[in-house]
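These notes open a run of structures that come right after.
Both of the next two complexes hold chain A, though its partner changes from chain B to chain C.
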Partner chain A sequence: MRVLLVDDETEFVTTLAERLSFRGFKVDYAIRTIDALALAEKNEYDLAVLDMKMPGTSGLELKGLLEKIQKDMKFIFLTGHGSEADYVAGSSASACYLVKPVKIETLIAKMHEAVKA
Partner chain B sequence: MSLLNHFKPAFWQKSELSTGPFRQMFNFRRIWKIAVLATSLVTLIPLIFITSIDYNYTQKSIESENLLRTLRIGSNARRSISFFLSERLSALTFVVRENHIENLTRPEKLDSILTNLRASFNGFVDLGVIDQNGVQINYVGPYSLEGKDYSSQEWFKEIQGRGFYISEVFLGFRNVPHLIIAVKYTMPDGSFYVLRSALDTTRFNELLSGLELSGRGDAFLINHGGVIQTPTLYHNQVFEKIPYAVPEYSEHTEIREERNKAGENLIICSAYIPDSPYILIIVKEKDELMKPWRDTRFILIGFLIISMTVILVVILGFSTYMVNSMYLLDQRRLSSLHQVEYSNKLASIGRLAAGVAHEINNPLAIINEKAGLIKDIFTYTDTCPQNSRIIDLIDSVLASVERCGKITKRLLGFARHIDSAIENVQLGNIISEVLGFLNKEAEYRNISVNIDLADNLPEFQSDRGKLQQIFLNIINNAFSAMSVGGRLEIKVQREGENEVVATITDNGCGMSDTDLGKIFEPFFSTKTKIGGTGLGLSITYGLIQELGGKIHVTSRLGEGTTFTITLPLQPPHPVKRDS
Partner chain C sequence: MGIPYDAIGEAGLRFFGKVSASIAHEIKNVLAIINENAGLLEDLTFAAQRGSAIDPERLSKVCGQFTKQIQRADGIMKNMSHFAHSVDVFDTRADLYEVTCLVANLAARLAAMRKLTIEVVPAKTLVLFTGNPFLLQNLIWLCLEFAFGATSAGSNLLLIPVNDDAGIALRIGGIDSLDAGFAGKMPTGYEDLLAALGAKLSANCNTKELILHLP
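== the complex of A and B ==
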């Protein structure tokens, strides 16, 4: 499974990418929206794990942009924020919504669920 | 005292908040006092004033009526007596003018005249002819008075000047009260003679006793010296002096008020009888005459008292009702203000919690991933040899991160549901979430919490945020009421097809019956000294009502309290508004 991680927290996204790699996932990561779009242009991903709030662009906006590039890409929102608006928006955007911190096993289970759906 | 408290309106029983952001708009006791006083004065003063005027007017009117009636009776009696005397004088005058002296000196003729006079005018006792020397030359009557010489008597001298004479009442030879009337006739040669007759006073007495004098009224004649001439009912005997002053001469009938020796108020009517030595006296007791007034007065005063009582009762009742309604409205306003403030506070707490949770979640996530990576390095690579102590330490870090994550997620979950929204809820889960906030307190205070959830509990449509607030308030209260080692029992079961019932029982300090009756009232608190606002259960009550549910509480002082919350499985229909 090829996964795109997008989060402005570099420490978080690099570590998570490495851990997923240990578990056999092909992982790319980006800490800026523009980098994420560039990666999507270049590679084909099964799934993207997006932060809800990033400088400049929200996770929902990025999802829309990525969907334009790759129509079949699945999404998981992984965020430290849990506001009502985020929760409603994230849950209703045909995506899974997880709040940090999350166990790697839980994340992987959700990733598989999302890809199968 | 307690009975009085029972009737005291709510605004009177409560202490008033006169300062602070949630002060009452009005001083209700003062408003009530002003309302009662002002309306009482405006209604009662005119009533008392009018009644007072009516009282005096009626009294004066009855007094005046009594005086006038007595005066009228006196005036009529005066005319009757005057007429009686003048009629008999005229009869004698007619006799002396119609008959020659020779006829009058014949006994049989005089007797015939007396018989005719008696037939025409009652009261004539005898008849006598007296010559100018004062000697009675002819006499017919029951006594033998012929030849009697009257020349030395006062009346004979008086008649020579006036031409007629009416005597006072006297006993005379017969020892029977009677009076004398006499007329003088002057012949052409200048000589004269007198026709004299004794009149029985019985007719006088009949005249006076026939007057319509109510009660202890009395009518009699006196002479100008105040000596009683005819029998009286309640005064002295004939020929005794009257116990009052002799009225001054007046051509008219007069009336005056006088107090007798017994202290009784009397109305005395007097009238001088013209051309006679008599004064008519009518005496009435004023108190007796005023009896109808006293009856009227009792009715008037009774009416006034009843009217004032009714007015005061209505004023008190209506003022109390109005001021109490104002008070309840103001209480509702204050309660709404508090509720808004409470909601705002909760929303602020929610936003703060969400912000804190977000800020903490990101570093927590980094810790989580870094620790996880270390473990992965030990697990998935050969770089580092397996070290079970390090793996244990990393697992401990990961467990702590997971624990922190649960706390922040719970905070986020609580904040997320503050705003009102109907969604599918499972009551057991909500209670568990709420207890999640209180687990540590329960642990520290050694409070055991037992949850009994029925198997057939359905998910149902309700407002998660409101349910959280409801159970948080009630379980918080239960925790406050319990001491160390307390026990909290929570039981949730389905009731019928459409309801679910949650029962929360603690073994805390409980409440008295008096407190129990006020527990849902705004601002009622048994914890004011330790910072209670008295709004928690009031707001809880309001929230349950908004959800279409019911709340019931039972408590025994020193034993504990049970709250029973019944919730509908369908949310209440919103009120339709006209567009």
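== the complex of A and C ==
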């Protein structure tokens, strides 16, 4: 499975990318929206794991932009925010919504579910 | 008999809620990084149990992350504690620079979400504010909320406490879309806070500064 991780917390996204790589996933990551879009232009991804709140762009907005590049890409939202409004927005956008910190086993299970859906 | 509507109290609760939610979000991010680094140590240990060598440099980097995130969380909690204790006294003398720094720190993440930065410039002399520090923090916060919506991404907002012939003021500069109609775009509740503090708000559209005049 090829995965794109997008989160403005550099230490989070790099460590998660390394851990997913250990488990056999092919992972690229970006800490800025513009870099995520550039990666999606260049590579095909099965799934993107997006931070819900990024500087300048929300995860929902980024999902829309990535879908324009790769319409079959699946999505999982990660967030530090536990607000009801975010949950409703995230989970109604044809994507899974997980609150940080998340167990890697939970994330991987959701990744497989999302790709199979 | 109905209870009188307390607009200032409601604005204060909204302010407290927004700051608390922002801090909770920041702490969640810190915990997520610690969680991933703890998981990475488990992964490296698992690999070592199966004969792979552990690179000491790699371990050192993970330990460095723990230290960095603990320091980050400590800074966040110091701001939260300082903020929470600002309601301990309702009438006091406070250093306007320190009050402004606290609000700027609390608002930094929300500014970053809009690709903005906040810089507080130390006053040339001590600028003392007398009054309710929590109401002042709330008012500065509302001014910043307005400024976030009226400033282009990539800009730096400059907060400057001053004490000159015109009296005590906080100048908020760098608001590039500031115009004479700013009052109509300010967040709800600012007028009540101005009245409660005996403060006034004006705009200098030439210098792109919002000026909060304090008693």
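Quick note on the criterion: the second predicted complex is superposed on the first by the 117 of 117 C-alpha atoms of A that agree within 3 Å, B and C clash if a C-alpha of one lies under 4 Å from a C-alpha of the other, contacts with A are read in each partner's own complex, and residues count from 1 in each chain.
One rule holds for everything that comes next: a residue touches a chain if its C-beta (ideal position, glycine included) is under 8 Å from a C-beta of that chain, and two chains touch if they have at least 3 such contacts.
Predicted, not measured: the structure shown is a model, and the values here were computed from it.
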{"item": "Touched partner set for A:Thr15, first chain B, second chain C, both or neither", "value": "both"}
{"item": "Which superposed partner A:Gly64 touches (first chain B, second chain C, both, neither)", "value": "neither"}
{"item": "Which of chain B and chain C A:Ile104 touches, first, second, both or neither", "value": "both"}
{"item": "Partner chain in contact with A:Pro55 - chain B first, chain C second, else both or neither", "value": "second"}
{"item": "Common interface residues of chain A - those touching chain B in one complex and chain C in the other", "value": "9, 11-12, 15-16, 18-19, 22, 79-83, 99-102, 104"}
{"item": "Contacting residues of chain B [partner chain A, same complex]", "value": "354, 357-362, 364-370, 372-373, 376, 379-381, 398, 401-402, 404-405, 408-409, 412-413, 415-417, 419"}
{"item": "Chain C contact footprint on chain A (complex, rising order)", "value": "9, 11-12, 15-16, 18-19, 22, 53-56, 78-83, 99-102, 104"}
{"item": "Partner chain A, residues of chain C touching it in the complex", "value": "21, 24-29, 31-37, 39-40, 43, 47, 65, 68-69, 112-115, 153"}
{"item": "Chain A to chain B touching residues, read off their complex", "value": "9, 11-12, 15-16, 18-19, 22, 79-84, 87, 99-104"}
